[in-house]
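The following pair of complexes shares a single chain, chain A, combined with chain B in the former and chain C in the latter.
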Partner chain A sequence: MPSPSSSITRFASPSGVSPFGFSGVIAAWTLIVILPLLGLVLWSFLKLENFQLVWEPNLQAYRDLLSSGRWEVTIRTLRIAAIVTAIELVLAVPFAVWLAKGTRSTPVKVVTLAALTIPFFLSISARTIVWRAVLGLNGPVNAFLMNIGLTDRPLDWLLFSEFAVIVGLIGPYFPPMVFPLYLAVSLIDDELLAASKDLGASPAFTFWHVILPLALPGLGAGFIFTFIPMIGDPVVPELLGGGQVVVLASSVKSLLQVLNYTVAAALSVFMLAIMAGLAALLALMLGGRLKQRRPAGKVPQ
Partner chain B sequence: MKSKDNAKLSRRTLLKASAGALAMPYVITRPALADGGTVKIMGVSTVALPDWSSFEADTGLKMDFVGVNSDPGLYVQEVVANEAGDTYDIFIFDGGIEDRLGTGGQFQKIDPNAMKLWGAVADSVKSSALLQGPDGTQYGVPIVFNADSFGYHVEDIKESEPFSWGMVFENEKLLGKIALEDTWLTTLPNAALYLMSKGKPITDPSNMTPEEAKMTADFLIERKKAGQFRALWHSYEESVDLLGNREVIIAECWEPVIKQLLRDGKNVRYASMKEGYSKWMIGAYLPSQAEGERLARAYKALDWFLGGNYGAQMAIQQGYATANPQAALEFAKSKGLSEADLAAIKLNIDKVEQKMALPHYWQNAAPKHVEAIEAEWQRFKQA
Partner chain C sequence: MSKALPLNYTPTISEWPIWKKLGALTGILALVGIYAPILWLMVMSVSGEPLSGIPGDFTGQWYNALATNTNWLWPLWLSVLLGIAVALTCMVCATLVGRAIPRIRHGKGAILAVTLLPLMIPGVVVGTALFLYLRVLLGLKMGMWSLFAGHLVWSFPFALLAVLVVALRFDTRLLESGADLGANAWQRFRGIEFPLLKDGIISGGLFAFLLSFNEIARSIYLRGRIETLPIYLWQQASTKTSNVPLIYSLNVIILIVSTVIVGIAFWLLFGRRDK
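This part shows the complex of A and B:
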């Protein structure tokens, strides 16, 4: 039996993708996404005079970025997004496995999926503003903590802090993490799980060595759908951060409002560079991993 | 096979029909350019009346008011980048913005003869730097003005008025119990006003140089690290919330907040200050694109804003002064409003006169070094 020569299998659509369609999509992508990004990079090297862009390539925008300490905004944004995504992962994986495999009854699945979707009909501001009442100095959380004697004065770091922003981001970004995971896990053949059980594996072993590896694509998709949008979230940090937690969206908005296009572009390019670096790092790590996976077709003679 | 063909056809027709139905609104109704008798205004929500029926009854025009936040960045974005002058007939923005948008050509010069009530407005108000360009060109018509300070819960403050701005910025007794407005337009100059009283070299809080802004930001960062401030608020409702729920004891806010909380039964007061107030004037500006019919309607609307009906409503509901406060009083008397209302208007006139007497400072929506000021403000927020 011929074993595949390359260890990374190319996925070819059974119906065959027309080459014109492929280049058509690439062309559209270039026009709509790549060109504006290049324009952004170009703007970051221009100069601003009297609120007009002047064609004099220089590094003034980047110098402003570094001297005002505004570049720290990117680090803070990434840190918050990373923390929330990690929490989402820990919460979503057991939940998705339970929803896909742990419950057999359709009504439960339907109700849960509806419950995950319906909140999106409300604006995110409406859903977030409730936290201000809950975490406030006179809110139920503080009242409870004082009641049971954990603290004698209301905790002020519950609200208008990074803690509040993290708590506020968990809710809206839970569904984007759960849905891809749920789909991936529900695609796992029940026979595999039954076989694993028959062969004597404990549920934990099955989870770590059967379910998780097979759900990896869903995990990747969930990570991307959660982490990336969270970086650009303008609403939650403004409402729950009390103006003290400045993230990328707030900083860019503030710059655009004084028509400081060059520094806004520079900040965005800086963030893009960091993301590209992280993606390259990830690709290196995963690339090494994939190369290690020998094709499973070697049958002992 | 035949049924499948039929099904395919009917699906296709259904898709076509629904596409057609969705496109209908865009095909049939084109944006009405010269709508007989409607005035479209983009203005700060501060000047809005809850009910414009008095305007419509007096002028015969319909009012289409789009409220925006008091944010100079937004004004520039809308007028310059979004070319709002094509659709809006009047802009009602914070004064000072004409220094940029008037000289930039987006606003047109006001024709005093086009308004009947222009003559009745006091000269000192008409010729405010917040309505005229740097060369004295009259771009703005005064709508409302007031002097802002802060609101506070009476039981928690032992001292008596007038207060120093140190109550807000350097108050050891109320660490973490103070809210500020999230904008460089008011908070930075308020802090500068306080620093001026302590002897620091600042000339004009409303038009700071980059060095003065840096000095003020450094002071604010020091106070922030000491835990002085609880939160920065962005909208009117947030400030009502913060002060009303006793999340903070002192909040830099607008006067209507206090009026609303008093109506809700809270024991709050609006402070009177020693060093000066954050004086603001909201002016109406005409986009350079307005002409002919549109312009005539705009001037008719402006005339109403200069009159007594609007003045009386503003004085009673918000506590603001309008261009012609005496007209407001006469209107109230002629309409036979209650004694309480008349007293409120008289009190308003006195209060505004007293506040305006202090020299500093008039809010400036277009300071010369706005990028540096914004950068210093962001530096404070990030610290």
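This part shows the complex of A and C:
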């Protein structure tokens, strides 16, 4: 092979890759992703005059955000997303382990995975409005509760409440949590699990100290694919919250409809800032735990 | 590690038979949570009064109504068109970037962070940012193209991840031996690289199509006056007009068609692996 000292030979190297297509995509990406996001931060500090943005940096949008109480929607949105993500975790982790390692039957796996894929094709609004009839005052849930005598009046908090939104979100956001977890667990070598068992570890010990650490990337991916899309989801909260549960997406939409661009930008930036803060906190906590664990792991040897 | 085991861990609870069944149990619970509404939807689509929440008075009138009231055809067509355009663009761009990332020397992490960024940002924030940028700053008129841009931002990171999974395992020495045997750059790509990346590219395209086909969170800010299928269905579901029962029957048809498609895809996928 010729020496790669000249740039021409390096460019023509058979395993090299032409930089043109690649840089073109990255340049276009910067135009439609990075610039708008930077612009969003900028606009949240600008002034709005006669529905025109005026170049006059100030904090008015953030003051409006605090005084109007709109900042509360970010907290509500995050709370709902966190509760549903926690429920998904509790449901998905044992299920993914069972599906990847607990069952050996291929038909069971194929049918289960297909059953988890099909809902992606279905309209989320159609699946959600069904809950309206089910949870409503005259719906089957209330009829059942009254029949067995748990309550003598229909429960009105079943529908158009945060409870209804949480119930409605669990189904649609289960598959995106299961898939990465399943993938991560099925990549764990069976020999490792057998070795752990042979060395006397209980199933619980194997789970906490072998499966979970190795499945951590899947856990992270599942969290990202569940938690983050849920924050942006306007459909379930609007259909099942019935105007009582205003989330970030609905709040921003109403702000844009009245052309209040700066507060809409400030609200979005506020959410990003909280998320970044939470991510930093999580990283700090996880980093601390890892540091604690490392020297402890060395002691038995 | 095994020596430390008896000190801290008493494995009695874990040896209950229920521990092994727990996984199947939570899975069945979740699948019931997913499919109970869908089954309810199917029952309601053949009921006389779907909005009452009580099945009965079985009829096929909502399916007949679907044939006479064809407002849903145009949104469906737009969504399919948009999904195909987004999927094809994602496949080309993800291939260009995905095959390059393992081979570039500097800034690999930075490029990955920039391209995967939309995964970390809620749709409402991306939608607002794109709306303010395109509509307010640049003064452009929203339409199919802005929906296309929004869907692309959402789908591309997923397509890129799918391509990266195979591209990171690709052995570039194969290209060198191809060159030694006299293949030119295009022949090396077409004959060696593409066949090995194909599975990742195709699954990336499928992901992209599905994500675009269902996308709502960004579309509501970027759609202008365009109605895609998810937006049309959502608007129909929000209003209390007599059109609502049509969504039930329409979704049952989509359900049946997609079950057949997924069934064939899985059969091909797993059938091929068994051979």
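Here, the second predicted complex is superposed on the first by the 255 of 301 C-alpha atoms of A that agree within 3 Å, B and C clash if a C-alpha of one lies under 4 Å from a C-alpha of the other, contacts with A are read in each partner's own complex, and residues count from 1 in each chain.
The criterion applied here is as follows: contacts are C-beta pairs under 8 Å (C-beta built on N, C-alpha and C of every residue); 3 or more make two chains touch, one makes a residue touch a chain.
Keep in mind the model is a prediction, meaning the values are calculated, not measured.
Q: Touch check for A:D156: first (chain B), second (chain C), both, or neither?
A: After superposition on chain A, A:D156 lies in contact with chain B alone.
Q: After lining up the shared chain so the two structures overlap, which partner does A:G136 touch, if you call chain B first and chain C second: first, second, both or neither?
A: both
Q: Please work out whether A:L91 is in contact with chain B alone, chain C alone, both, or neither, and reply first, second, both or neither.
A: So A:L91 only meets chain C here.
Q: Tell me which of chain B and chain C touches more residues of chain A.
A: For chain A, the partner with the higher number of touched residues is C.
Q: In the superposed arrangement, which partner chain does A:F144 touch: chain B (first), chain C (second), both, or neither?
A: It touches nothing on chain B or chain C.
Q: If we overlay the two complexes on their shared chain A, which of chain B and chain C does A:H209 touch? Say first, second, both or neither.
A: second
Q: Touch check for A:G243: first (chain B), second (chain C), both, or neither?
A: first
Q: Contact-wise, after the overlay, does A:A126 reach chain B, chain C, both or neither (first, second, both, neither)?
A: second
Q: Need the overlap of the two footprints on chain A, from chain B and from chain C, as residue ranges.
A: 132-133, 136, 138, 238, 256.
Q: Which bits of chain A are touching chain C when the two form their complex?
A: Going through chain A, the ones touching chain C are 14-17, 19, 21-22, 24-26, 29-30, 32-37, 39-40, 43, 53, 90-92, 94-99, 102-103, 106, 110, 112-134, 136, 138-140, 170-172, 174-175, 178, 199-205, 207, 209, 224-225, 228-229, 231-235, 238-239, 248-249, 252-253, 256, 261, 264-265, 268, 271-272, 275, 297, 300.
Q: Going by the contact rule set out above, which residues of chain C touch chain A in the complex?
A: It comes out as residues 1-5, 9, 11, 13-15, 19-20, 22-27, 29-31, 33-35, 37-38, 40-41, 44, 51-54, 93, 96-97, 99-100, 103-104, 111, 114-115, 117-134, 136-137, 149, 152-153, 156, 172-173, 175-176, 178-179, 185, 188, 210, 213-214, 216-218, 220-221, 229-230, 233-234, 236-238, 244, 247-248, 250-251, 254-255, 258-259, 261-263, 266, 270, 274.
Q: Under the definition above, what is the set of chain B residues touching chain A in their complex?
A: That would be residues 71-74, 76-77, 80-81, 176, 180, 182, 224, 229-234, 241, 245-247, 370-371, 374-375, 377-379, 381-382 of chain B.
Q: Note which residues of chain A are touching chain B in the complex, please.
A: Residues 48, 51, 64, 68-70, 72-73, 132-133, 136-138, 156, 159-160, 238, 242-244, 246, 251, 254-260 of chain A touch chain B in their complex.
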